[in-house]
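Listed next: structures, encoded as structure tokens.
In what follows, chain A forms one complex with chain B and a second complex with chain C.
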Partner chain A sequence: MKIRAIAGITFKEAKRDRVLYLLFFFAALGIVASRVLALLTVGDRIKIIKDVGLASISLFGVLMAILIGTGLVYKEIDKKTIFTLLAKPLHRAEFILGKFLGLVMTLFVMTLTMSIIFLAIVFAHTLRIEGALLVAVAYIFLELVLITAVAILFSSFSTPILSSLFALGFYLIGHLSWGLELILKKMAPGAGRTFVRALYTVLPDLENFNFKTEVVHGLAIPPAIYLSSFVYGLCYTVFILALAILIFRRRDFI
Partner chain B sequence: MADAIRIQDLRKNFRLGFIPKTREILKGITFAVREGEIFGYLGPNGAGKTTTIKCLLGLIRPDAGTIEILGRSHLSPRSREPLGFLPENPYFYDYLTAREFLAFTADLFGLGRREKEDRIRRLLALVGLERAADLPLRKYSRGMLQRAGLAQALINDPKLVILDEPLGGMDPIGRKEIRDIIVRFKDEGKTVFFTSHILQDIEMICDRVAIIVGGRIVKEGALRDLVSERVLFTEATVAGLPPAAFAGLGESVSAQGDRVLLRIFDESKVDKVLDLVRGQKGRLLSLSPRTETLEDIFVETVTRT
Partner chain C sequence: MAMAKTSFANRRRGTLLLIGLLVASAAGFSALKAATDRIARKKIPGSSIIYIPSGKFLKHATFGYRALAADAIYLWAIQYYSTPAIDDRFDHLDHIFAIINELDLRFQDPYEIGAMIAVQGALELRAERPEQAAKAMRDAFTILDRGAANNPDQWVYPFNAGHIALINLRDYALAEKYFEQCMKIPGAPEFVERLRANAIFKKGDLQTSWETWLDIYNRAPDERTKKIASNHLYRVKATIDRGALEKALAEYRQRSGRLPSDLAALVRTGLLREVPKDLDGKDYVYDPATGSVKTGISPWRR
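Entry: the complex of A and B
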């Protein structure tokens, strides 16, 4: 009930953020422009539309999660609205979870709207509703959920600008860390390999949520991979949220 | 009578600045607020009033000491169930209307729908915001925000109300209304703990006070024990005589036109001043004895400390 109240107010607040609509506008522009790009391409035009469309949803979704998420908790502290909230019988964990769920709700609405535009553009080209694309979108959304948790973690102890840089760093590392896996395969056993393995375990691997290529090219993916990616996303999000709650619980609000 | 708040040896240091420097804010505070009383917490700026309140509410973790709210440790969120709090310069979500904001705070206490609507209606009437209830809070004046803040502090029908500077930013009529509401709380059996810079207000409504200076409680007790009935001096306004005529009788505070404001510290000299005025055909415009006020005690305590 309390978490729902906080989530509701967060959704209301995020909905008022102009940045959200600006990013949504560019995402929609990207999706629509994919048709223009396709016209300039020799070969399979629909693949370009799908590629660019999914990339737009992913990129602008991540920017929404970071730019809005990093301000959420900070703003409450900066504007001192948090004093009134925490003076109520509200656990600090409930506050963080409410903020998180409120933003996840906002991103869900945004992703859904972007997907509808995307599917409509694809439909205009193929005259088919391609439900398989939604699988890729669902995993993009799972990635957004994790990025939201990361943004809230940084927002619980840092300023929005620094938090945005940290969260962006997390996103970039997350998409490059698969390189470590390649290195691991080529390394001989020893201290160096153990170190790289530890590093790979700790660093996020956001490529786990990237099913764009497979979906666009209609490649078959074993269900076990879907499942492991889902569990990975869930566990990582819970871990980051737990860390955020731990830090937030120890904070003094001067 | 049981204690609504019991604070024992509360200490808090802050480490502030780029190269952190420890500042002792609370240096071992001990006092208790009894159930059903109006308790005033006074102190100059930076004395540690708001820090004490923040410790009470769990917004700040004390370094040492214990706090009990209605018999429960302040660390448990449940201790805040019977509590209402109005922060200093209240900040709320300014895009919400007062009605929406109250509904939101009611949800944080898990109130049922009917109870919620009923309470919101009564509270809006109590603080006089019925007509502005559907305006967004960003359009509110400071006094109106203070009223909205008071309403949200009462949404759970609290047993203990903590008010940080509730009269700040209010006009005289608003201040009187808030004072009346606070007195009504007492009649309803609620305990009120509040800080204020406006000492006359505290004097008018408080049962007991504590004065904090530099992170230490320097005076605590019932108002009637602290403020004596002793006459400090008598003030006389006289017309038609020069200030020099009163040499040795009292201190001339100001002279305007043919009026002299005189402060007579020795009570036995009051009659002599009256005789002088009558003898020299002057006119006595006013004569009033000044007894000790809370402000005198406050200023004396703060300067001495």
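Entry: the complex of A and C
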């Protein structure tokens, strides 16, 4: 109940944030501009529209999660409203979870709106609704949920600027960690390889949520990966949130 | 006091619960990562890069990190072309390497490695997809030509192109053209002119080949080069003489219905003014049973 109240307030607060609308404007612009970009290509125009559209939803969604998420907890501490909140019978875990769910709700609405615009543009070209695109969008949203948790984790102990940089770093590492797999294949067995293997296992693999290529090219997606990626995202999010709560519980605001 | 104790115990229990959750979720995502990696996903490596219009446009979007972008795409390309499972990886080879070349005109390796990959592709595809093999071979020359155009002071590009034309394509006229281009660039090794002379010989232009090798012989800076040129002159002369002898032998056979017992018979019947001798003044070896004419020794063992 308390989590729901905090989530509701966070949602209302995020709705008033101008950054959200600015990013939404650029995302919508990106999706609509994909039509113009498609005119510049020779051949498969719809492929360009789908690529740019999905990339816009993903990229601006991540920016929304990071730029709003990193300020959520910090603002409460900076404006001293945290004292009023924590003086009430409210657990710090409930506060963090409420903030997290509030931003997830905001991102859900934004992703949904961007997807509607995107599907409308695709429909205007193909005259059919491509349900497969929704799979890619759903997993983009799952990635956004994880990024939101990461933004809140950093926000619980750092300033918004540093938190944004850390969260952006997490996002980049998450999409480049496949490079470690390539290195692993070329490394001789030993301590170095074990270290890289451990790093590869612990670092996030956001490519697990990336179905854009398969969806755009109409490639078959192994059904097992849907569940596997979903549970992976869920576990990682729980891990990050548990870490955020653990850190936030130990913080002294005086 | 009792309340404080209860609060402390609750807090401790909460912390332990959170740590347990942390460990459980970490174990969960680690196991799932391994499980997810085991599921084979269909991928189109490079599918995104082939839609990039050109490095000319891309370089404006790299915010001054053109060389870095070229490095990144080059590293990616090396991995991409090292994956034999991608059957159609040679289809966009020139486009991919053109992007790297446009981003960093002086980045030397991609020109050479790109051309090498293209030749390898041509060899791989030769049997099953001859059209694609021909395209891959053309790509090799396109990439090296681009390297030469962007780096006119580097002799290595026309040299490599000449080498590919000579060895892989066996287009000797093309090889001669590239070696000639290479020779004009300051710093080109002196042996390039010998490769050009060899290409002219293989092309079948024996007169020009003789003149070129003679020129090399006369200008040879050392005994080794002189010896090499001399051996080639021996071969060129032997080829010219053998041609004349075989023509006369064919004429003799047509007239008398048989081959002569020795080469002197060709002079006696007026088909030749004299029996030619090799560059060392020795007789050619004639086999009256088959009509073959050859040198007494290999040009390279003189």
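Side notes on the structure shown:
Methods note: the second predicted complex is superposed on the first by the 254 of 254 C-alpha atoms of A that agree within 3 Å, B and C clash if a C-alpha of one lies under 4 Å from a C-alpha of the other, contacts with A are read in each partner's own complex, and residues count from 1 in each chain.
FYI, a residue touches a chain if its C-beta (ideal position, glycine included) is under 8 Å from a C-beta of that chain, and two chains touch if they have at least 3 such contacts.
Just so you know, these numbers come straight off a predicted model, no measurement behind them.
By the touch criterion defined above, A:220 lies against chain C but remains apart from chain B after alignment on the C-alpha atoms of chain A. Counting residues of chain A touched by each partner, chain B versus chain C, the larger count belongs to C.
Of the two partner chains, chain B is the only one touched by A:13; chain C is not. After overlaying the two complexes on the shared chain, residue contacts for A:228 are found with chain C alone; chain B is out of touch.
When the shared chain is aligned, chain B comes close enough to touch A:86, but chain C does not. Of the two partner chains, chain C is the only one that A:47 touches; chain B does not reach it. When the two structures are aligned on the shared chain, A:208 is found in touch with chain C, with no touch to chain B. Common to the chain B and chain C interfaces on chain A is no residue.
Residues 40-41, 47-48, 51, 93, 181-182, 201-202, 205, 208, 213-214, 217, 219-222, 224-225, 228-229, 231-232, 235-236, 238-239, 242-243, 245-246, 249 of chain A touch chain C in their complex.
Remark: chain A residues 1-2, 4-6, 8-9, 12-13, 16, 79-81, 83-91, 250, 252-254 touch chain B in the complex.
Residues of chain B that touch chain A in their complex: 14, 54, 57-61, 77-81, 83, 85, 87, 89-93, 95-96, 104-105, 107-110, 149, 152, 156, 162.
Across the interface of their complex, chain A is touched by residues 11, 14-15, 18-19, 21-22, 25-26, 28-30, 32-37, 39-44, 47-48, 51, 53, 79 of chain C.
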